[in-house]
């Protein structure tokens, strides 16, 4: 038996609903239908009245979640696609993210953000918005890249008493599999060494974890051993683990599927430059999506985002410096 | 006679309206009333029918501007405060910013964003959102820090055939003065050495330009000569000028009033680390607003944003490394 | 006329006790706001001051119909409603004057104050945004099996143009929540007149589009306001779903104290909309023999004295200290992201 | 019945020529979409396929009433309206099949295609967002002194819940723009039924809240649709301000071709809403003697052949090449931000 990334998300929600009567799930088509990606399949049936459809009103959906959280509930919101969270942006960054600081009252909501590109999805069903939200104070930004993390981090997210944006990657939904659900997990905020190596560090997260691991395989053929660090959460960002890895390897490549300007890769490089300059044997590098809208055509899309091949190429360049 | 930063913005709009029949101004209270800050004072009278009030509908305001631009107009939108652009966020980043790439049809709109903190303005009338928008492909992000730039860059913005977000700083509106309006200007995308120096480079923009210049004065007393580079536009970011300055000084401090995570400061440091690592004699540093909502109370606000004193302190630390 | 019918004292929403209480709160709010204006002119308040003068009747009528356990998310011009709901002159002054002892601890202030743990929600500035939040709060109460409670919030004529208004009210209607939404049509949104804001006959015409009950009310008449809002709150409490009230009135001051209201249409000002609800209510109180002119005068003096004393006290209270402030946007410190390179 | 009245051939909106043209376009759209569905099943299309089956009458009635110089921003289920406005089977196939020769050059595709320079606006996915864009376009036309033109767009029942719908329609009403907004209430937004989407009697009840004229129409009847939309477009063109049409119907396919429509309520399906507008229109065409069954059959065959041929041709066309693609989000290359560290 094996579990997919999507099944892990569904299972985590089922467990959260079962164990905590304060949890409910709200979003477009999440009820009877089980969600656009089936991440809430059967949950409406299992937990009558607690998993229900919203109108197409992202602003109100988030507002409802915040109000419910103030009154003691633990809402999980599903955005149908992260891209549509732009329509609920104001409530996320100005209502949810500021509540605790302004009032001292906690805002334990989870917003699930189906993110990232898949072939043919186009400019409005492919975005990686984690950097946008990480820029704002008051939010925790999770970006699980494994089945295990999808499960355990979502469960942790529901328990955290601050707003958590949970960026789950659509590309991993069906393809990524694990033998079983995990029974223990690293806490949020801690990065994980996904692959140990001595020649350079690739810092990455979410779907790019797998492209990076594949790139590491490619470079192994050249005799290079790359360390791959999975950030798991991009805010907080585990600066210590990044620095520790760079201290071992002396070289840093950051890989992110988001646009470059001010993204996770920029933030990671800025931190390493500021706090670990002397650790660097070569200039740190980054590889991001290209700085255009995400093209619809699979040919263009495949060139727009980083892939194992382009990551390997960038890593090779870094190693040769 | 002298001209304030605000008057320069008003004058630029008057000139644009006068010289180009395609220009119109749309936003809350911009008509008869002349805008919340009086940046459009008298313009409705001078240009009947071309400067008019919108409902409180940021999403529609931006949508209207995009539609009008497609049909050949040159709309200038005034957000009453940049903070409220969160409600028009979707139209900015998904409609305006993607139009040209998707369709090949240009989207010459200007959105004026009264930005940044003033004492007592609180969490929703003080934000600096330039990094949020700079993250998206398809937008030009202007952040004028002088009266001259407020004037000439706004005029240039109206001429540019791509969407321009014009982040004007409210703190500078009334206080910042110049002897006269400029007759020539650097083009957008080029940074300017606001003060030459040899010991370290401060890269900054907008209101922080003046705090940084004041910090440079403070350090002059210690015998340090700081170079202050005014970015003017944060996207495109004039990487060459930054690198050239760091090449001269060997030290980099980036100062921004925005929040730190993924902000302008992170992007600048990432670029310098990647493209000019060997130029650095010390780890690059940044100073930003603190990572909380912007507090209302003037005591807290003054400590939340960078000031000449804290910049000088950070610079001194950098110089002593 | 509705207001004549409402003057019928057998009307359950209109009895001496409630009316007098409402009137006294209106008076208190007015006097407190006058003090805020004078403190503003004196430079003691650094942020903006936005007053509810002329809107006290509509505002108090909502606040006074709420109970402990209800939810209330007031807006800019709701000083009277706030006080009816339990907010105090002391906390008002503390937030405006930046006292550390205020409910917002200097982090937010003025009209943005509240105590969410007590059902008193502080508005964010973005208009319309509180409607869905109150809807969510009511949903939570329903989950917890609470009945007979209501959630109330206010919006201006300008605020009805926001997408948030639309989405929030629609969600409340779909969920049949006990939401009471008072639309204060004071005919201006900052300087923007109604005709640049909407094109319908009355904002009340919006209700049918949501499947929401609606009452139109003369916002200058406390009688009318108490009656209509009392009925609306009663219906919401009884499970009849969201209730909208559209009050027609005029603010009698500028948008904020910095604004000279130069755009005010003289005709509107001279129309019945321009009448002062507080003066009208006082007249009614007196003509009905519920209090004498002298008593009203006396209350006015007492409140003014009280407010002056409170202001004096608050002005001596400690202000927030950035050194002591914890600068923490998260409740759970384990998840703080503060690398060395962020720190000052 | 409205449809009987409409069958009156003296009705200016209902004559043989227009009706036959509309019918033939519906047929063409249906056949083209069937081809798209089969190409989807064959794996030739990688993105989603979202079809308008059952909505052709409402859609074509809008498109056919527009002229060159008008503005049209169609939505998901508007293949028929698009073709009536001038879009071709060739460009449709090119965008779905990713041909470089398609109007979107592979950068966007499928239902997101358009040619803004020709007044044919490509939707972004975010529902409701096109309404204000069309309003802005109409404002520009007014600035340029153009009269007698209209701007038209479509929204679904689900899309009416967006803030963008509200803001956009309100702005159009305030500016009295010649906007025609067709609401296609197909009773589902993806899987979400009307009762989870809104609580008003009919979405037509929203119009009064904007001060906008409205017509309710049986969306399965081409007669009704041509009549009501013809009148609405005429009124808009004549300067009577925004016009809303609410068409009641059902889509006869899943949300997209990946969706099995398992949530469809059998009762709805069997109701008059579930009837196929194309079959009804064909029946009318025949019963009125405007064409014979054989002729209809013949057209069907011709269109199918044409579409098959086109698809064959398009499948051999070049696909976008990332090496040649300029990767440029700005029109003015001077302002490109592409530091060395971004480049691949």
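Order as written gives the chain letters A, B, C and D; numbering starts at 1 within each chain.
Following the convention adopted for this analysis, a contact is a pair of C-beta atoms (placed from the backbone, for glycine too) under 8 Å apart; a residue touches a chain by one contact, two chains touch by 3 or more.
Nothing here was measured: the structure is a model prediction, and the numbers come from that model.
Q: Give the chains in contact with both chain A and chain B, ordered by label.
A: C, D
Q: So which chain is the furthest away from chain B, centre to centre on CA atoms?
A: Farthest by centroid: D.
Q: Roughly how far is chain B from chain D, going centre to centre by Cα mean, in whole Å?
A: That gives a centre separation of 40 Å.
Q: Rounded to a whole Å, what is the gap between the Cα centroids of chain A and chain D?
A: Centre-to-centre distance between chain A and chain D: 35 Å.
Q: Compute the distance, rounded to whole Å, between the mean C-alpha positions of chain C and chain D.
A: Here chain C and chain D have centroids separated by 44 Å.
Q: Touching two or more other chains, which residues of chain D qualify?
A: 104, 107-108, 112, 124-126, 161-164, 167, 170, 174, 196-198, 328-329, 337, 341
Q: Could you say which residues in chain B touch two or more other chains, in rising order?
A: In chain B, residues 54-55, 57, 59, 83, 86-87, 90, 94, 97-98, 101-102, 123-124, 137-138, 235, 237, 261, 270, 274-275, 285-286, 290-293 touch at least two other chains, as defined above.
Q: So what shape is it, when you link every pair of chains that touch: line, ring, star, complete or other?
A: Per interface graph, the chains form a complete graph.
Q: Using the touch definition up top, name the residues of chain C that touch chain D in the complex.
A: 161-167, 170, 173-174, 176, 195-201, 203, 205-212, 241
Q: Mind listing the chain C positions that touch chain B in their complex?
A: Touching chain B: residues 45-48, 98, 104, 106-110, 112, 124-127, 158-159, 161-164, 189-192, 196-198, 263, 319-322, 325, 327-329, 337-338, 341-342, 344 of chain C.
Q: Contact residues on chain B for chain C in the complex?
A: Listed in rising order, the residues of chain B that touch chain C are 28-29, 31-33, 36, 52-57, 59, 83-84, 86-87, 119-125, 260-261, 285-288, 290-293, 295-300, 302-304, 310, 313-314.
Q: Which residues of chain B touch chain A in the complex?
A: Touching chain A: residues 83, 86-87, 89-90, 93-94, 97-98, 101-102, 123-124, 131-132, 134-138, 235, 237, 258-259, 261-267, 269-270, 272-278, 280, 282-286, 290-293 of chain B.
Q: Report the residues of chain D in contact with chain B in the complex, numbered from low to high.
A: Per the touch definition, chain D meets chain B at residues 71, 103-105, 107-108, 112, 114-117, 121-122, 124-126, 129-141, 143-144, 163-164, 167-168, 170-171, 174, 328-332, 334-337, 339-341.
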